[in-house]
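In the two complexes that follow, chain A is the common piece, with chain B as its partner first and chain C second.
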Partner chain A sequence: MSNLKVDNLRRNYGSVEALDGMSFDVAEGEFFCLLGPSSSGKTTTLRAIAGLEELAGGAVHFSGQDVTEAPVQGRGMSMIFQTFALYPHLSVEANLAHPLRRSGASSADVKKRVDEVSELLRVTHTLKRKPSTLSGGEQQRVAIGRAIVGRPKLLLLDEPLTNLDAKLRHEMRAEFKRLHRELGMTMLYATPDQLEALTMGERVGVIKDGKVVAIGAPRDLYQHPGDTYVAQMVGSPPINFLSATGSGDNQVELPFLGLPVAAPGVASGQSVTLGLRPHDISLAGGGSSRATRFPAKIHLTEPLGDVTVIDVTARETGMKMVLREEIAAKYNVGDDIEIAFDPEDLHVFDPSTGARLGNGATQKN
Partner chain B sequence: MSETSASKGGFGAWALDPKRRGAMLVAPALIILFVMNIFPLLWSFGLSFFNYKASSPRVPSFRGLSNYERVLTDEKTWERFQTTAVIVGSSVLLQLIVGFLLALMFAKVFPMRRIVLMLVLTPMMLSFVSVGVFFKLFYEPTFGIVSYVMNIFMTDKFVMLGSPGGAIAGIVIADAWMWSPFVMLLVLAGLVSVPKYLYEAAEIDRASSWRIFWTITFPYIKSLLLLAILFRTIETFKLFDIVYIITEGGPGSSTETIAVFLYRNAFQFFQTSRSAALAYIVLFIVIVLTNLYLYAVNRREEEVT
Partner chain C sequence: MARRYREIGKAGWGYTAITGLVGFIYFFPVFWIILTAFKTRTDALAVPPKLFFTPTLENFQSVFFRASITTGTSQATDMGLYFFNSIFIAFTSVGLALIVGTLAAYAFSRYPLKGNDTYLFIILTTRMMPPIVVIIPIFLMFRLSGLAGSYWGIILLYTAFNIPFSVWLVKSFFDELNPEIEDAARMDGASERRVFFGFCIPQILAGLSATFVFGLILTWNEFLFALLLTGVETRTVPVAMARTLGGEVGVDYGLLAAIVTLFLIPIFFVTFLLQNQLLRGVTFGTVKK
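And now, the complex of A and B:
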């Protein structure tokens, strides 16, 4: 059953279309991520769902009701802002209690709920302090606490990890998953970071220019991106795009390969864009097929600790590949290496529309 | 240039020497400050211990604290303080209410906002004397606009300044008209300093507009309101010009504020030493108020950072 239904939202700032027919559904209890670059309309979408934006068109349905015109206060949703938006003049305790004050709850009840939430989020020791004296992670947890203390049916999260450092972000990702499991509330999470979307989202909606261009489980989006945009949004380091020409039915010719490789759905003479994940390129071993092994020169290395991202050039075509650190350590910039890939791992796209060709094309939503 | 003047010597070169150039530049201001402010202040402090009368050629004699004693035991002084307190209290209250409502109005964006805002601010920029003259004319029983309008509704002839209550109201209205924009500016500064996201967060928290005002808006303008109250209290406490022009303290002595009383004693009855003593008592009160004000300013700075 669909809990939240966002239907064809439109919003423009002057001549800029911030939302251009934004539509998606979120099921009850689902962790749904909106993934898109900055200014693609993520924040505007969340604000529109919460009722903070005036819409030029479209509708928001929530729990079976049309809430498009409902006041912010009456929607039964809560939101975590990118800037946390804690009340700076109130103590953490008062911040957490704020959403409860209205319902006429007794002060004992309020205290009980605040205690529960602060324990859940491990901020009990900060209750008497002002938000400005808290660390970023603590402020973040207080903001989450304030959002969930009123037991909203839907939690909107607007890039909540953007203002945190890498280590905290890692911890908080796990925290959000834990909270989602423990509280069972529907979560709609907007982020520009594909890692956050892939690790947390049960489903991910990829946004481009104010509308959703693909929806799917993280694994599907990674393995079968529906177009070049989704392919480069999902996956890190980003996918390599290679231009190629069909040299016969279902096969293509690459400038740095001597022999054509299989590419289903490609017609002879058709120019295509091939997508190849850096993880799918490896050093050529004895077993690799002659057809897909080729020499390349190491251009740049970026050691990440456990793995190293290597930029290579093969006949003036640049691409990225990933090697395990102990293997990469044997090579230096300027070295010539033999590398290979499995033609099965190629993603074939139409260069003009960006749409996926051949097998494995995910249904566009 | 300094070389040529140095070779010439003389006062110009001496004064422009880098060692004392800075001191020479501030000297005129310091001299004026001393001659016009500090010396008279100290001189009048001295006078307050003598029985000096500016209108009499007698050589004054030292009287110790007797002037202070007489001023403080004089019932008239306390009456004047009461009158001043009534005027200060009602005027500041009126300024706060009007200023606050104006600020709420100008916190929103509406067409012609800037022009209307400028018009609303004009009273503050007028001189006390012109405001006093305006209102004296408005209240004028035969051709004043206020009297004219009131006479439409009343059978008796309306004389605003005829009764003690009316006269006080007349002064309060004139003062509040002039200074409400000042309160508005301070409150407006507080209102616009509230980050918009706090309002949004409060809406998300399902707070009613009334609660949003008390938990979000009010804390932000609280200290500025306190500043406005203190600043206006200090200023209104010294109110002289408007009163002197509109009512000259009358009818009777019902609108005679402490400043007008002081002026009368000093320059109409020439009780110079006694007035000096009273002036020092007033100065003391103003200093106390000013320190409260500075304390409030510092607290506001701490809160904001």
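And now, the complex of A and C:
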């Protein structure tokens, strides 16, 4: 059963179309991520679902009811805002208690729930303090606590990790997954960070210019991106795009490769865009097919600790690849290396529409 | 050699002395008035001015009780009433302006009209000219409506004068607030009324205090309209003060200084009470949180 159904939402700010036919469904108990760059309409979508936006069109169905025109209060949803939006004049305890008091719970009940939630989120020691005296991570956890204390049926999360440092972000990703498992509530999570979307979402909706352009499980979106936009939104470092031309016989020619690569369905003379993920490029070993190994020159390295992102140039075509740190450490900027890829990892796109045409294939020799 | 940086929060004696000197120069006129209030008439007019003298409370006594020139007996003056008038009129009108201004500011900030800025500009135009240019029409309006000389007349006038200033200042405080906090409160089930009173107002208390004190100081010292539009019963202290000038016995500087000294007390008191809030209010939004 679909718990939340967002149908063709429209919203303009002046001449800018913030939402242009935003549609998607979220199942009960699902962790759904909306992934899109800034100003693609993520926040507006969440606010529209919460009832905080005036819509020009479309409908929001929640728990089988049309709530498009329903008041904000009492929708059974709560939201974690990007700024956390804690009530600065109230203590942490009062912040956590607020959603309960509004629903008319007895004060014994309120106390019990606040204690439970602060325990769950490890903020018990801050209860008497004002939010401004808390660290970023504590504020974040209080914001989560306030959002879940009233046991909402739907939790909306608007880039809740953007204001945190990298280490905390990592911890909080795990925290959100744990909460989702323990509380079992439906979660709708908006983020511009593909890593967050891929690690947390059971399904991910990729947004472009106010509408969803692709929905799928993270693995599917990564392995079979429907177009170049999805391909570059999902995956880090971003996918390499290479121009190639069909050479007939279902093959394409890449400027830096000596031999053509099999790409079923590509006609002779047809120009295509090939997508090749940095993780799919490796150092050429003894087993690499001659067709897909080529020399390249390292011109930039970005050590990330465990892995190193290496920018290489092969016959003036630049691309990124990823090597494990201990291997990458053997090479310096300016070194010539021999690298290779598996043709099956090539994604073939139409350069004008960006649509997916198919995959590369291993040469049938 | 690396230059040593002074620890923040610890100024040297030199800086403290300079600040003290500048502060004293600012405070000196006030200090002199207060000193004069404790001088006899002879001491007050002494040349060169006396810094050391035997203080007297005579002047304060004669603020409220004065010997009649004709009979020589001590009579109560109306100064007590005038002090009451000043306090009542200033606090009521500034309070009213703050209430109306805050409501309007919230509306301007959260529910902008088409052409919001134009309306705000129009509101401010009333403060762009010296009040004296509108004194004749206002005087006539008050005469015709019968408001001249009444409490409500002068209170409404001061309220109207304070509203533009209140709207502009308070709007800037509302603009600084994070609207997501209000949205969060709504989603938690708070009604619009509660969002305003329970979440917006508590966040800008410092700003409201600052607005109140600024308005109060302006209104407290207002002379021109008070002179023209108050009657015997509703006269404020600045007008009463002016009336002690001149007369058959010349200017009684000791008496005048005593009135001024007493007149300073309420403002000192309010400002002192609100000073922590005031500091936060005037720096509101200037420091990124």
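Heads up, the rule we're going with is that the second predicted complex is superposed on the first by the 357 of 365 C-alpha atoms of A that agree within 3 Å, B and C clash if a C-alpha of one lies under 4 Å from a C-alpha of the other, contacts with A are read in each partner's own complex, and residues count from 1 in each chain.
By our rule, a residue touches a chain if its C-beta (ideal position, glycine included) is under 8 Å from a C-beta of that chain, and two chains touch if they have at least 3 such contacts.
It should be emphasised that the depicted structure is a prediction, and the values quoted were computed from it without experimental measurement.
**Q** Given the superposition on chain A, are chain B and chain C in a clash or a fit?
**A** clash
**Q** Please indicate which partner A:52 is in contact with in the superposed arrangement: first for chain B, second for chain C, both, or neither.
**A** both
**Q** Tell me the contact category for A:98 with respect to chain B and chain C: first, second, both or neither.
**A** Touch partners of A:98: chain B and chain C.
**Q** Looking at A:79 after the superposition, I want to know if it touches chain B, chain C, both of them or none. Which is it: first, second, both, neither?
**A** Both partners, chain B and chain C.
**Q** Determine, under the contact definition given at the top, whether A:89 touches first (chain B), second (chain C), both, or neither.
**A** Both: A:89 reaches chain B and chain C.
**Q** Looking at chain B, which part out of 20-28, 38-46 or 56-64 clashes with chain C after superposition?
**A** With chain A aligned, chain B clashes with chain C through residues 38-46.
**Q** So chain A touches chain B in one structure and chain C in the other; where do those two contact lists coincide?
**A** Shared contact residues on chain A (touching chain B in one complex, chain C in the other): 47, 50, 52, 72-74, 77-79, 81, 83, 85-87, 89, 98-99, 102-103, 146, 150.
**Q** Taking the touch rule as given, give the residues of chain B at its contact with chain A in the complex, in rising order.
**A** Where chain B meets chain A, its residues are 195, 197-198, 200-208, 211, 215-216, 219-220, 303.
**Q** Per the contact definition, I'd like the list of chain A residues that touch chain C in the complex.
**A** 47, 50, 52, 72-75, 77-79, 81-83, 85-89, 98-99, 102-103, 132, 146, 150
**Q** Which residues of chain C touch chain A in the complex?
**A** Going by the criterion above, the answer is residues 178, 180-181, 183-191, 199, 202-203, 289.
**Q** Under the definition above, what is the set of chain A residues touching chain B in their complex?
**A** 47, 50-52, 72-74, 77-79, 81, 83, 85-87, 89-90, 98-99, 101-103, 146-147, 150
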